[in-house]
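When the chains are written out, they are named A, B, C, D, E and F in that same order, and each has its own residue count from 1.
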Amino acid sequence: MAETRVPTGIRGLDEMLRGGLLPGSVGVLKGAPGTGKTSIGIEFVARGSAQYGDPGLIVTFEEFPRQLYRDALSIGFDLRALEGEGKLRTVFTTPKVLLEEIRRPGGLLDRVVEEMGVKRAFVDSITHLERITPDPRRLREIIYTFLNGLLRHDLTALVSQEDPFITGTMSVAEAGLSYIADTIIQLRYVEINSTMQKALLVLKHRASDHDKRIRQFSIGPGGVEVSSPFEGREGILSGNPRMAMRIKRAREFFE
Amino acid sequence: MAETRVPTGIRGLDEMLRGGLLPGSVGVLKGAPGTGKTSIGIEFVARGSAQYGDPGLIVTFEEFPRQLYRDALSIGFDLRALEGEGKLRTVFTTPKVLLEEIRRPGGLLDRVVEEMGVKRAFVDSITHLERITPDPRRLREIIYTFLNGLLRHDLTALVSQEDPFITGTMSVAEAGLSYIADTIIQLRYVEINSTMQKALLVLKHRASDHDKRIRQFSIGPGGVEVSSPFEGREGILSGNPRMAMRIKRAREFFE
Amino acid sequence: MAETRVPTGIRGLDEMLRGGLLPGSVGVLKGAPGTGKTSIGIEFVARGSAQYGDPGLIVTFEEFPRQLYRDALSIGFDLRALEGEGKLRTVFTTPKVLLEEIRRPGGLLDRVVEEMGVKRAFVDSITHLERITPDPRRLREIIYTFLNGLLRHDLTALVSQEDPFITGTMSVAEAGLSYIADTIIQLRYVEINSTMQKALLVLKHRASDHDKRIRQFSIGPGGVEVSSPFEGREGILSGNPRMAMRIKRAREFFE
Amino acid sequence: MAETRVPTGIRGLDEMLRGGLLPGSVGVLKGAPGTGKTSIGIEFVARGSAQYGDPGLIVTFEEFPRQLYRDALSIGFDLRALEGEGKLRTVFTTPKVLLEEIRRPGGLLDRVVEEMGVKRAFVDSITHLERITPDPRRLREIIYTFLNGLLRHDLTALVSQEDPFITGTMSVAEAGLSYIADTIIQLRYVEINSTMQKALLVLKHRASDHDKRIRQFSIGPGGVEVSSPFEGREGILSGNPRMAMRIKRAREFFE
Amino acid sequence: MAETRVPTGIRGLDEMLRGGLLPGSVGVLKGAPGTGKTSIGIEFVARGSAQYGDPGLIVTFEEFPRQLYRDALSIGFDLRALEGEGKLRTVFTTPKVLLEEIRRPGGLLDRVVEEMGVKRAFVDSITHLERITPDPRRLREIIYTFLNGLLRHDLTALVSQEDPFITGTMSVAEAGLSYIADTIIQLRYVEINSTMQKALLVLKHRASDHDKRIRQFSIGPGGVEVSSPFEGREGILSGNPRMAMRIKRAREFFE
Amino acid sequence: MAETRVPTGIRGLDEMLRGGLLPGSVGVLKGAPGTGKTSIGIEFVARGSAQYGDPGLIVTFEEFPRQLYRDALSIGFDLRALEGEGKLRTVFTTPKVLLEEIRRPGGLLDRVVEEMGVKRAFVDSITHLERITPDPRRLREIIYTFLNGLLRHDLTALVSQEDPFITGTMSVAEAGLSYIADTIIQLRYVEINSTMQKALLVLKHRASDHDKRIRQFSIGPGGVEVSSPFEGREGILSGNPRMAMRIKRAREFFE
């Protein structure tokens, strides 16, 4: 356990990950829209460059750059400032262009990573790669090519992946991503007391112990904060939990 | 949080959105038929032009104009009057024609938006775009093109999207809309005491805090009104909630 | 609310609809086989002609005319007599032939509607149009063409649509029908005390308030009768409700 | 209600049907394998010929004639004897051959029906027609042709249809059969006290009142017997009911 | 009931079948992998030859003969010894080869059955026939051809069929097998007290009464043993039953 | 039961398997990502070579060798050291290359197995074979060819297979793997007290008795440890169990 870790810097999360991500590994952030994948990814890279001195890279397939900057600002990170200081780079591109750059030795991605000495990357989102091909087997090859392209540089990456349902069925990371992922972090909406709360669970953390509890988390001006586990509920991951309090009480009553 | 907001003017909703929509953003209204997507969209634009001085645009793919005017009147807005005053414009078109207009520089949409200085737009509904193509990847490109066409003008837009099920499964905004949407508002039927009530939930509000509670809302002659959260139920978003009252009572009893 | 309405004449239903259907509108009757769609449609037209002086039209794609006459008689309406008096017309046709007639100016449907001055129409059922094409997008165009053909005459129409499941999943009106429908009335089997009861719910009533309760209804020699809401059950629309009585009692007990 | 009926002769069922089937109508027997569709159909025809003097016809697509005779004997009917007396006829054929015979004026089926003056027919099963074509629209036309072929003679028919699931989802009669059917009788497995019991429900009985209760039935040496409704259970039609007894007791307790 | 039966020799099962299988019939053993289909089939044939003097045939499409011998030995039957005595024959083949042999008069299967005077056969499994064709209609014809080939000899057969899900949905015997089957025996995993128990249910037993209870069974060195029904549980066939004990107790308490 | 077994060496598992795997058999490890398939497979081979003197082979289709070594180290096994001592061999390859090698007599796999006298093999994972073909029937043939290629050498093999869902539906081993598998071990996430625990169940153990209980297991620096069964829960395999404690207590209370 004395192995070096890459701390995310996110309050509560590093403790769950027993110090952070594994150096040179790929982590997947899975969740439905609005669960906070982008916020976690941004904080991972921005704190890396601002706090740990790790040059960072954000690759996004979103169409509107201002959305990313706004998202980052709202949780306390000024990406433009970090870019100005040469500590961070954001790349707005399409899946197709990026793939070509990755396949070409000395392509854009290679150059950026080498010039800056990038240590942390966030890709938002792997789901966009589906725009290249409807064939699941070709898609899998593309994802492998893409992640290999990232990992041949000595960096640690988070990629986001979108879940197709808000509650209910929870499928595995698609397109073979689950094999290549060293860490899988599942984000989930949970309805409690007529309120949509957010849950975070580390589903996989390769070659390492980790906290298996399902924890609440919130996103605020100071960034993401993972807090205490849920209590007194059954079926949290279904998104629609049942109260278990009565049972605990009843047990004490009977005992 | 001092950022300017575009208030919807809808009672209860702006408070949930911490002031309103983000200027220059796209919000999605999701819900099954009859949940009130059109009413909310109309009120957003009509109040904008009548109350906040924002010229408004309503684009509808519905076949029958009189339905829209009737809907608006029934919640207190006289669209024809607002049109007469030059404060609002309604465009009845087909997805195909609209798409051509958007692609053509200086097309109809561009001209309308520029001439009127449109600040608020409502598109009813994005689901109609499926009529252009059965190919999900091409559909996604069309939706991007369409929304880009809207957003290159400095306006704030709401678009409606239809959920295919009345209760049960609740899927994500389709066709990649969830990526481009800054705000996602989910409308939902909820059966309580043998009555179909309506629930509203802000599922996503990019770069901003928001009220995460699931609230009741109603539509009347004075417009839409979002009121108090549901109480004492579990599983509201399933559309088929269970009473949780007994549990609360039981807990108090045991404590 | 002072707008004129077209009363269905069905006991209990007009009250739920705050007076009746909207003039010149299309209402959809959704439900599994045997839930009573045809009875409600017949009564709407037959009462219209017999009681309100509105000449009526019934278009059916059913193969056997005698079934329709028998159905009508069993709920107290003698369609042949009304036809003899020139107050009502029944058209037995195929979807294909009807569609051709609608497309042709001065076709059969146009002539019938104009000659008789039809004010109310019932089409049983829109689901039969699926026999023309397996392509959902073409089907949608056909339904639009068909309903437009009806609505360009100044009449009020009910169309039936068949739900594919008896209990459980409840999908939205298909093929875009939900957009064009001004009113959606959902019929549903409900198992209570080992008995298949019938429920009626007004899911949508455009531009108008309506009763949102789920009500019982029955079909007898005097026609359809919508009666009191269900009581003491949760999950009625699932078709398989749970008793909620214990909870109410328990609450009173604890309070 | 003074209309003539065709009694099935099955104990308990005629009472549910308010006298029996409608003359000249088609009834559908729906259920999973082993629920008793064949037994009910055989008894309807065999009792007709033996007890009511109605010459009967059984058309089966099953491969093995002896199975049919054995089934009949086990519930007390000797089909060979009835055939010998000229009161009943069984036709073993393939869907394809039968369809050709029906289409040809004066074909086999016509001749049999006319020669014998057939008044009751049982077709086991309509599901076999799927062997002719995988195209649902062509299948629907075939079923219509087939049933029309039967109904142009003045007889009353039962046809069986197989449900694809043993418990759970309960779909509607397929291929448009639900439109043409005057009566739909649903058979269902129900697990109660670790035992597979059988339930019968009249889902539709066109133009007539009927018993809406879900009743138990059994098949024995004396034939089929429909008995009392289920008691103290919720969700019987799911096949997996919940006890509701506690609730009743609890209610009494609280009252 | 005085009809001759073919006893399976399996403890508890013949009692459920009121003596055994019907002579000359086909029974289907349905269940998920590991539920014991092969053990029951082997015991039926092996006991037949060893105990009742019925020469037996086992046809298997499994790739590895030693697995079958090992399975048999583990439940107390030495198939090689029975083969040596000429009382039993095992055929390891592929679906394709077998089908050719069946179609050819005087083919392998015919010769084996006639030479040995086979009275009992077990085919493991019918699901393997899916390897011949992906077309469900052609598959159905193949299964009919295959079973007809077996049944034109005067023997009694069991065939196994694999269920695709371990718990949950329980579909009907596929590919029309349910029509041709005289007896359907359903095997099922049931989770009780954190243990995977096994349940056996006779779903269909043509032309005969049978035990409708869901019984536990186990497989040991002495063979298969069907024992007492499950008690105090609801929803056993779902594989995930609920305790019903509390209800029984509560009822006694209230009474 | 005196048959020789191949002990896995995993604490708690051999006891469940009544000594271990059957010599010369194939076992399947099924589970969602992160449930521990790879850890169990590694420990089986590594303990075999280090503790039981069985030369071992690990075939992996994962892209990144270092991941495997890291996984092994984290549970206490130094694969590189074992490789250095000639006790173990790891093969990193693609499904396509491997398949060619297997088909070619004297190909790579044959040579490795023969040179080293491999007694234990672990293949991670069979799911990767899906990359060769989208055709399920061809895939099945490939899996058969592949496993036959392994089994013609006198070794005992574990292969992993990925479940597509994290909780909920639990399908059978796909592509006919369930037929060829002598042992099926199911791994499962189970949410208890807001924590993701892991469950292990032996679903099938051909020709042998085995422990049918659902047991907890954990993965730590000392390897995998299967511990006590779950207690006081219903529906563990659903991944979302219900507390059953109240029932047990209540029963004692009433008794």
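Here is the rule we go by: a contact is a pair of C-beta atoms (placed from the backbone, for glycine too) under 8 Å apart; a residue touches a chain by one contact, two chains touch by 3 or more.
Since we're looking at a predicted model, the values are computed, not measured.
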item: Intersection of the contact lists for chain A and chain F; value: none
item: Fewest touching-chain hops separating chain C from chain F; value: 3
item: Cα-superposition angle relating the copies chain F and chain E, to nearest 5°; value: 60
item: Distance between chain centroids, defined by C-alpha means - chain B, chain C (Å); value: 29
item: Cα-centroid distance, chain A relative to chain E, in whole angstrom; value: 50
item: In chain D, residues with contacts to at least two other chains; value: 242, 250
item: Topology of the chain contact graph, where touching chains are joined (line, ring, star, complete, other); value: ring
item: Of chain C, residues touching chain B in the complex; value: 1, 22, 24, 136-137, 140, 144, 148, 151, 169-173, 176, 178-182, 184, 186, 201, 203-209, 212-214, 229-231, 233-238, 242, 244, 247, 250-251, 254-255
item: Residues on chain C engaged by chain D in the complex (per definition of touch); value: 32-34, 62-64, 66-67, 70-71, 73-74, 125, 128, 130-131, 134, 162-168, 189, 191, 194-197, 220-221, 239-243, 245-246, 249-250, 252-253
